[in-house]
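Report on the following structure.
Letters A, B, C, D and E name the chains as they come in the text, with residue numbers starting at 1 for each one.
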Amino acid sequence: MALEVETLEAGYGPVPVLRGVSIHVADNEAVAIVGANGAGKTTLVRAICGLSQATAGHIRFHGQTITGDAGHRRGEAGIAVVLETRGLFGELTVADNLRLAEHTGRGVKRPQGFRPFTLGDVFELFPIVKEKLATRVELLSGGQQQMVAVARALLLQPRLLVLDELTTGLAPKVVQEILSVLTALRSRGMSLLIVEQSIKLAAAMTDRAYVMSLGRVVHEVGHGEWESTMSNDAISKAYLHG
Amino acid sequence: MNTVMTHAPVKSQPLMALRGVAHQFGGLVVLRDVSFTVSRGRIAGLIGPNGSGKTTLFNIASGFLRPANGQIFIDGRDITAASVQERSRQGLIRTFQTPKVFQHMSVRENIEMGLYATTGAGFLASMLATPGARGERARIRRDAQEVGERFGLGSHLNTRAGDLPAGQQRIVELARAYMTKPRVLLLDEPSSGLSSDEVELLRNWVRTLSNEGITVLLVSHDMGLMSVCDTVHALYFGKIIASGSMAAIQADPMVREAYLGG
Amino acid sequence: MTKTVLNGRLAFAAVMLVGLILPAVFERHMVDLLVYAGLYTIAGLGVGLLLGQCGIVNLAQALFYGIGAYASAYSTVTLGWSPWSGILLGIAISVAVALVIGFPLLRLHGFFLALATLAAGTIGTIFFFEWDWLTGGTLGIGGLPPLSVLGFEFNSPARFYYLVWAVVIILLVLSSNLVSGRPGLAMRALRDSAPAAEVMAVNIHAIRTKIFALSAGLGALAGSLFAHYSTYVSVESFTVQRSIVFLLIPVIAGARSIWGTVAGALFVTFVPELLSGFGDAHQMLFGIMLVLVVTLMPDGLAGIPARVARRFAR
Amino acid sequence: MNSTLIIQSLMAGLTNSFVYALIGIGIAVIYRGTRIINAMQGDFAVIGGMLTVFGLVSAGLPYVWACALGIAAGAASGLLIDVVCVRPMIRRQADDEAFLLLTIGLAFTISAAVLYIGGREAHLLPGIGGNGTVEIAGAFMSVHAIFLIAISLLVVCGLWLFYRKTIAGLSMIAASVDPDGATSIGINVARMRGYTFVLGGAIGALAGILVTPLISVSYQMGLGLTLKGFAAAILGGLTNPLGAVLGGLVIGLSESLAVVGLSSGYKDVVALTIMLLMMVLMPNGLLGKAGRRGG
Amino acid sequence: MSLGKRIFFGAPALAMALIGASAAAEPVRIGALLSTTGGLAGLGIPQRDGVLLAQKLINANGGVGGEPLEILMEDDGSNPDAAMTKVNTLVHSQGVKAIVGPTGIAQTVAIGSVTQPLNIPVLAFTGIGPAVENARNCVFHMTPAQGLNARALLSYAKEIGAKRVGVLHDSGYGQVIWGVMSKLGDEFGVEFVQVEKFELSASDATAQAAKVKASEPDAVIVLSSLATPFRNLRQVGLTAPIISVHGTATYEIVKAMGDAADNIVHAEFLIAEDPLPYQVEFVAEFQKEYGRLPKHFEAAGYDAVMATVAALKRASSNAAPDALCQEVRTPYQGAFAQYDFTAKDLGGLTLSSFSYSLLTKGKFSRLPFKASQ
């Protein structure tokens, strides 16, 4: 099992956001987390990546408990994240952004048979990244920045890639491009945890999904259930209360 | 208290109007030619997926941001260039997505701040505690007590507002806004971080305030809360793509497309 | 009347009583220090109102303290006016200066505002030095007459002690009134959240400027009283170091607490005195105490009761 | 007023400019890395100067090793301050004012400690390249001042390369630009803040060592240096070492011109007034918005 | 403000008051109010050393009429405010019979307003200052007045034939001397071609030094107690002679001047390398006690105590303050110079009290020149 989250509670200061969330992601599996804003999706991502401390519950990664580990250790363990805010360093060039991740990625141990991502791999996935290497990130468009963010995450050589609201505010063409890359990634045997607003995209990218509302998982979409769920009102309800 | 809120029953004329509002950050266009009106005493809603420009539009309406183009009117008067304070004196009051209560002040003092614009004791009068200032202060306290109790905060009036749970802080913010006797109330994501019971309570409050004649503009993701609105405008990529009742909006194919896939 | 209110009043009455008899039981040096503590309370109160209520770090208070002192010295010694007119003149000049420099500078915030006041205070010190026709330069101005009311002269430490502490109590009451009154609400509101205060129609810049002027007036009053007590003023008394000491008063006391200012002022007058037994190490020890207060006690001395209460509540 | 005089005062101003710039660079480095204004930057210079004097005179170390000792002492004090004071305050999310008060308190303490341990005397170091002077157009400049300017320029270039080319430098920028993003790619943000203080302390100490042969080092000179250094840093836009050099030049040269044209008593008035005007009118510094980023 | 806090701060204070009261005993007490910390500490510390030496010698030789001499040492931190507080304590609480010190002019002017009405003798390490001091007949002065200092410097300038003189002075003590010197140019046939001031806190006065040098003076007079201006004058390549006031004639400041110290002429009082006959004993005693050579500030501290004790011995042990003050008012041969406390300036130093020294490699050597009225 790549990731196991058990009865996790977390929040900001005294305000609880997650009220006992349990999810899991198997090896080579792609899982989506969907739900309206304020449901706690981003808080869940931050807790998994060690950016917020959990107040209760457990997080295990490939069998190892990482609940209390410092945030900067999770990358070494094999979790890479593309934050909702992207977390890029705007005043640095694309090349420098990549270099920093490459530096960390080079220092980590991965199991036998893990084929590390090289810069060449990344340029192949996102040709635009290669073109813009010398440009400061803050001068790129939103879509280009998102590609840099994904490319950077891959250079950490992750076994689990967490993507928070990857497609928000991007033009459909760009979304398509990123989608095709993600499909390519799955073929390389990487687990994906994707937070997504668009149900259609979530369905296109993942096998299973958890629907969150008000800090809890309120619904699970199992293997092969996407089709039926799309027409079902459970999701509609979580979004539109319709 | 109820006598305090006397608004003209005329509901035909729009109290608030946005005309051709457009904005961009750097090269990124976030709003293009947004126009809508809010009728007196009605509840208008604004929905849209993340990144659709809601927050920008809200900041423009409340005066925290000057629009690149377009105008905003209150009661027919152009307030596009008015400061936040001036808008406040005109009766336009907003709340914040993360509740901004005055943390180190008591709940009572928070609510008292609602009367700041309509009271007058200055530095000297307050220092000397002149009869005028004392009388005014007593009246403020009394009114705050009354409003606080009305909003169910009676037992927390002396609590430090920052020590309250998030849900209660929202209510404090609402009570404070109510205390100003606003003509237009702009509520920014008022239900985020609330439990479902608290959202229900909030919904009732919005309804009650509207019944008292306060015009409300509500921005929220929370469709349950949004059903309180008389009219809902759906924003997508900086444009209004649909307007109408919540039921109509939910059935609108463009809105469903915007939300469910894109 | 509740029991706590009653207890509070009893305690207050007891403190007053002790305060009244102190000059009789203390030796002169102690009374002297108590007078200085009173003067520092007045100047520190101004800094404290800015820091605690508005979140403004003011490192220019010695400038206003100096303006008050020199206005008194010059108008009584050189011009031969009555002491009271000197005090009023000092306050008027200080308030005017505060408005002139405050209006542009108070648009700054945080570190930048603090360092801007430090620069303004430093410039003020230079003018005190350079305008020796007015300030007497290094030699200073001596021979100020004592203050008197209806022929009663405040010419001994004990008499001055009662005068200063009466003024302190009046000012503390006035400041408490201000802080609990309408302007005080606005000040505290804008410190907690400026955007929300703006929504409540608070004119942030105006209120910051006014409180800066008030603070300057308090500094000038303290300076004038100091000049008449010491009967001698010189540039040494109005340096940036003095501004730092004034700033420490509310920091040590807990900036939000008005009455705590007294504890802060007593601390900065008596602790160095108590530490002076350590010789050259005393300044270092004082510095370490300050760093500890800032690092470990965000609410200063006034925060101690609350901490103790929290400890017990657990 | 003759031209030799003007050249002479410009050269004096130039030397001072680089002293202010070095202090300003330290302030800018720490501000850039931590968003804290360090009001004890001048005291790093005192520590550096004093320990070098100690190493050279009392411990009998060779000049270079004494300088290394001084720089190491500055770096170590930077680290100590981060670990002992800044960390607990960051943990409790102290506000700007609290950090300013902390550094003011530290400045006070360090100055008093230097007085207690090292005494009140001013100490001199021999100049780099001896104590000679060179004549330029009838005006004199000490050989050491030329070294001071050259070393300052080297420091600026070195910092530029460090922040652009090394993983450590890039990581320090990354940690301050977006702490979450930095954490997510495995950068230890707290450690980077520690490094920032180490770097700031080392640069401050270097400034102290360079300035000691010219103006001597004593316990009470910290605050004055800090204020001038801050003026230089502000003029430069506060995050840019190159800007701090520009700011230092403006402050240093206008000071010395004020001495020639006005009166020496008002030279600090001129320098500080320029700083205040700058803060109010051009909050982003001489290099504008771009200046905040570069370097 | 709670009662608790009041007690918290009151208790130590009260305890101190009690200790102070119970310590009252039979020794003869005088106060020493010196600036041993702060800006004037460079003067105050040597003065303290001299004071302590005098106390030791007196008590080793039977004290004051059989009673031990107790000196209550107070530091005013170079601050006139603090001096006021401390002098009030010494006079009112400790009941000292006389005060040696203060170190600074401002402090002397300040405390005179406390001691003069009570006729308590003060032996200050300053020259007579502003007009207000003329009315104070119990404040004695152990060092020359500004006017005398100015004349001593100008005498030497005249001696070496300097007509065009540049002046570099600090904003404190130097400013005060310059105030007098500026009026004496004609009397000594000297033209002040360039006068520059720098701040007391200045770490650099190069620009001022450059201005002085640019005026091409025959000699430069430096009025300061800092090492900075000397270094700066040499840095800008000044070769003309530098004449300095006695304030910088200490081994400490000379050391801080570095190489710049060579060839500076001081108008001063005690050249311990080559003492005058009346100074030999003091220099020997000082060297025995401290293992180093004294300068005139040490001597002044020593003289102030010795002169006070001499007066105490002449007066009856329970004499009123004004009687003691009267006993001080007499000629006195000190290690610093021959004093005459009956003189109008309450110190009686003259131009002939000055010695002129030349600095070579950190050592002072006596110049043959002697100034005369």
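One rule holds for everything that comes next: a contact is a pair of C-beta atoms (placed from the backbone, for glycine too) under 8 Å apart; a residue touches a chain by one contact, two chains touch by 3 or more.
Please read all numbers here as calculations on a predicted model, not as lab measurements.
Asks: Smallest number of touch links from subunit A to reach subunit E?
Replies: When the steps are counted carefully, the minimum from subunit A to subunit E is 2.
Asks: Starting at subunit B, find the fewest moves between touching chains needed to arrive at subunit C.
Replies: Tracing touching chains, the least step count from subunit B to subunit C comes to 1.
Asks: Hey, which pair has more contacts between C-betas, D-E or C-E?
Replies: C-E
Asks: Using mean CA coordinates as chain centres, what's the gap between subunit A and subunit B in Å?
Replies: Spacing between the chain centres: roughly 34 Å.
Asks: Calculate how many whole Å lie between the centre of subunit A and the centre of subunit C, each centre taken as the average of the chain's C-alpha atoms.
Replies: Distance between chain centres: 55 Å.
Asks: Would you mind pulling out the distance in Å between where the CA atoms of subunit B average out and where those of subunit E do?
Replies: Centre-to-centre distance between subunit B and subunit E: 73 Å.
Asks: CA centre of subunit A versus CA centre of subunit D: separation in Å?
Replies: Between these chains, centre-to-centre, one finds 43 Å.
Asks: Among the residues of subunit E, which are close enough to touch at least two other chains?
Replies: Touching at least two other chains: 37, 171, 199.
Asks: Which residues of subunit A are in contact with two or more other chains?
Replies: Residues: none.
Asks: Pairwise, which chains touch?
Replies: Pairwise, the chains that meet the contact rule are A-B, A-D, B-C, C-D, C-E, D-E.
Asks: Of all residues in subunit D, which touch subunit E in the complex?
Replies: 2, 4-5, 8-9, 12-13, 15-16, 115, 120-124, 131, 133, 135, 139-140, 142, 211, 214-216, 220-221, 224-225, 255-256, 259-260, 263-265, 267-268
Asks: For the complex, give me every residue of subunit D touching subunit A.
Replies: 164, 167, 170-171, 173-174, 177-178, 180-189, 293
Asks: If you look only at subunit E, which of its residues touch subunit C in the complex?
Replies: Its residues touching subunit C are 1-3, 5-6, 9-10, 12-14, 16-17, 20-21, 37, 75, 78-81, 84-85, 88-89, 92-93, 105-106, 109-110, 112-113, 129-130, 132, 171-173, 175-176, 199.
Asks: Mind listing the subunit B positions that touch subunit A in their complex?
Replies: Interface residues on the subunit B side: 28, 49-51, 165-166, 189, 191-193, 195-196, 221-224, 226-227, 250, 256, 259-262.
Asks: Using the touch rule from the top, collect the residues of subunit A that touch subunit B in their complex.
Replies: Touch list, subunit A to subunit B: 14-15, 17, 36-38, 142, 165, 167-169, 172, 175, 197-201, 214, 235-236, 239-242.
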